[in-house]
């Protein structure tokens, strides 16, 4: 069991091209905004080591339902912001693909899914904090919803693309994919709660860390900071 | 260490094979291997015949063996990619219209049966996925660290290349940090075999991993700026252009894939 | 009675070799015992295999082929917890072993894992903190402690489990002389409570001062062992491990003066130099590095 | 010539205080100069402010209020690069300093940031690696180097920029005696090339052996400085900083013998003890810790 990534060769050629294009566009926008703001060393360092941490966390086997692996994409989004979060999603997917998890051809699609998780988690977290939620419920909800959005997007990508070599009508495919999305939703809940605990822990050992981020975010517009 | 997963290749093991072994595959130019991955992705995407896909898969398994890599570990590493295939293809195998294999199973939802078409689909998706997985692993486990870094630096645009290079460098460090944390809690009697009972311990391990990452990045900034960093780690290292022989083979491979697609799959060109 | 070979060892490790996942052989064939009431110091260069050996003692690492016997009973795979509760481990890197939000929580962490009720756990944790003079840190956030403080809290977190052996991997790393001395004092104190201590160190003065037995490692092998006096006056053994003897030994050896009793610590050297023609010092003197 | 007060300093720091973002005051008012061709050692307990001071010397940290003058010209905010290229910095944590995928790439890293063409950069990088005897490491992956090797590569990466001052934050941390000695030798070698060195260390034997000037810090203040002989024979100063003098000084002081010339290194002690009634040793002897 794992946070499932789309596998190699499962889509027809046109879909591979489409999702690659969409993924490239998303990353293109992020890169454009980063470059326009003048790339800061601290952003590169945070994204680089953040991706390394996320990738390392993926090596840990969490004993739920026989073992799950997670990248903590929601958490990364919350800590690094939407733009760096999207970059980290891409880089983690590049390394995952090189090590046989995820897919080279579907790098675009998988990045799209993970970037969505990071970005959604970030904005939901900010919104909930502004509504005076406590740290634990805010992060747990933000991560769960963000990850769920990713799971649903992934299902949608499969349904839109159609599975390579399957003659199944789209309606039936949707039923089949529902199971997969359901599994990922389950993982999203576990990961969301875990993210909540992690952030709660971070807030207790390095209270300044979250305040610091708050302060930084307060000074500039959110996209501007991360971007 | 036992606490880290068997199902995800340890980057240290990967580099150990790449740096300290030798085989014909090790000696193939890194660009050639990179190009071959692309050709394989294209091939498994367009091919729709089980014999062709099985042949491709068998060929990559042979390459993997020629490179002197361990088959047993490969089985563990297949778990995650196969999970996707199983979770998509199993429902499809049941729902796929066609001739049932054996009898149908009566369920409240109606009669369920695996069809021949469904079973073939399952086999096809498995071959597609495992072909590229096997080859990607064979490529990373036979290409030296410096060459991989050079390729990444070349292929990706700034600042993604910068981020990727740092990630590549620090993945090893972060894996060891995580290992150290796990080791330390185990030494004090924590049992990590049950998640819910130990969720706080997990949160602490993961939290400390991220905290270490953030603090390390703060120190990294200092040390990079102290050496005048301005957003560009250029690699002078060089992976030369592949020898003519390999270029010819690569062109032939692409031609074969495109030709196969045009003739056998899409029927654009008829012979 | 240090390292008395007639009593049964608390920990008895036999290991054919230890190979890391990437194929590096961290340690070759090693037989290593810890006896009741002794302090053993492992010395040797970087990469000699000290940490690898130590991590076998509480089954953090498991030998490729071999056996770990704790309190007379071999440890099996289902039984690792027994090794871990009998042999406490303080890791070299203080930063990766404190995982709770407060110091008190961290010291209670192990007790909770063994199911000790909250009240009792708190009480025992307070006692352990008092033993290492760290009661005042109770409510602090571990992450913000200084290196020396972290080391003491790590020690308390292990002491609280009442192990029969405590392993300290480079307990002085990164500490200033005053803090090193504090840690050295605590090693003595733990030893006085009847707990055996196994430690690794690059500080040979420290090893000479606290250890009953020195164990020299080189390239993954234990190449020799004995009392500090035996080891540090054995130039061939030290050469083989690419070590230099502690300062007191070098001074005693190099000066033309006639120095009695083969001093290994500074205090012994001073006594010997002072020309006290009494017996050569027999009792080990407790002074950490930086002791004066 | 060491610390000759009449020549102009290479680096002149005046700092009213340094406050970290969380409000911790890392350093109070400090005036610190580095003169041509000297080795300065900063000593003091954990948290005394050594790293904070050092990081001001190349403008990694900027004082709350104060001024950094490099080569006679004050550094302004637009000009930080000048401070960074004039003052090379080897951080305590060698692991985070090495950023490139291979050793050679890492040594070239700084040159490339300053726009040196590839060919020339490679050549200079190779020379710098040769200077620290690390040519054989050229193609290695930094992660797999030993602690001592990482430190040497870090040093090469800074040497290659031909700075006039090199700052080393705890260059011996985590190294075994043989590797410590190697690094100590390289400090000497750099010094011989006419580069001034400022370093921090907890190893007072090392400080005594390599430094022309010792600077004692405590609680964010420089509480005293002088030659090793002055500082280590000043009990009040050492007490104020909670330091103990090096072993040689303690032995010389504590033994009843009449020891000449206030030895601060082991070699000097041996010489003094050997009763050579010649002049008290005047020349500094170069021996790292573990030298024999």
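Each chain gets a letter, A, B, C and D, in the order it is written, and its residues are counted from 1.
Basically, a contact is a pair of C-beta atoms (placed from the backbone, for glycine too) under 8 Å apart; a residue touches a chain by one contact, two chains touch by 3 or more.
Quick caveat, the model's predicted, so the values are computed rather than measured.
Asker: Using the touch definition from the top, list the chains contacting both chain A and chain D.
Answerer: Expected: B, C.
Asker: Please tell me whether B-C or B-D has the greater number of C-beta pairs in contact.
Answerer: B-D
Asker: At what distance in angstrom does the C-alpha mean of chain C lie from that of chain A?
Answerer: The answer is 44 Å.
Asker: Round to the nearest whole Å and give the separation of the Cα centres of chain A and chain B.
Answerer: It comes to 18 Å between the two C-alpha centres.
Asker: Multi-chain contacts only, two chains or more: what residues does chain A have there?
Answerer: Within chain A, the residues that touch at least two other chains are 201, 205-206.
Asker: By the touch rule stated above, which residues of chain C touch at least two different other chains?
Answerer: Residue numbers touching two or more other chains: 143.
Asker: Would you give the residues of chain B that are in contact with at least 2 other chains, written as numbers and ranges?
Answerer: 10, 15, 165-166, 168-169, 173, 177, 204-205, 208, 211-212, 216, 220, 224-225, 229
Asker: Per the contact definition, I'd like the list of chain B residues that touch chain A in the complex.
Answerer: Touching chain A from chain B are residues 3-11, 14, 37-38, 41-42, 44-46, 48, 77-78, 80-81, 83-85, 87-89, 91-92, 95-98, 117, 121, 124-125, 128-129, 131-134, 136-137, 139-140, 148, 152, 157-160, 162-171, 173-175, 177-178, 182, 192-196, 199-200, 202-214, 216-218, 220-221, 224-225, 229, 231, 261.
Asker: How about chain C: which of its residues touch chain D in the complex?
Answerer: Within the complex, chain C touches chain D at residues 44-48, 146-148, 170, 173-181, 202, 204-205, 242-245, 247-248, 250-251, 254-257, 266, 269-270, 273-275, 290-292.
Asker: Would you mind writing out the residues of chain A in touch with chain C in their complex?
Answerer: 201, 204-206
Asker: Which residues, counting only chain B, touch chain C once they are in their complex?
Answerer: Checking each residue of chain B against chain C gives 1-2, 10, 12-13, 15-16, 20, 177, 180-181, 183-191, 201, 204-205, 208, 211-212.
Asker: Would you pull the chain C residues touching chain B in the complex into a rising list?
Answerer: Residues 21-23, 55, 58, 60-62, 81, 84-85, 88-89, 91, 93, 95-97, 99-100, 109-110, 113-114, 143, 157-158, 161.
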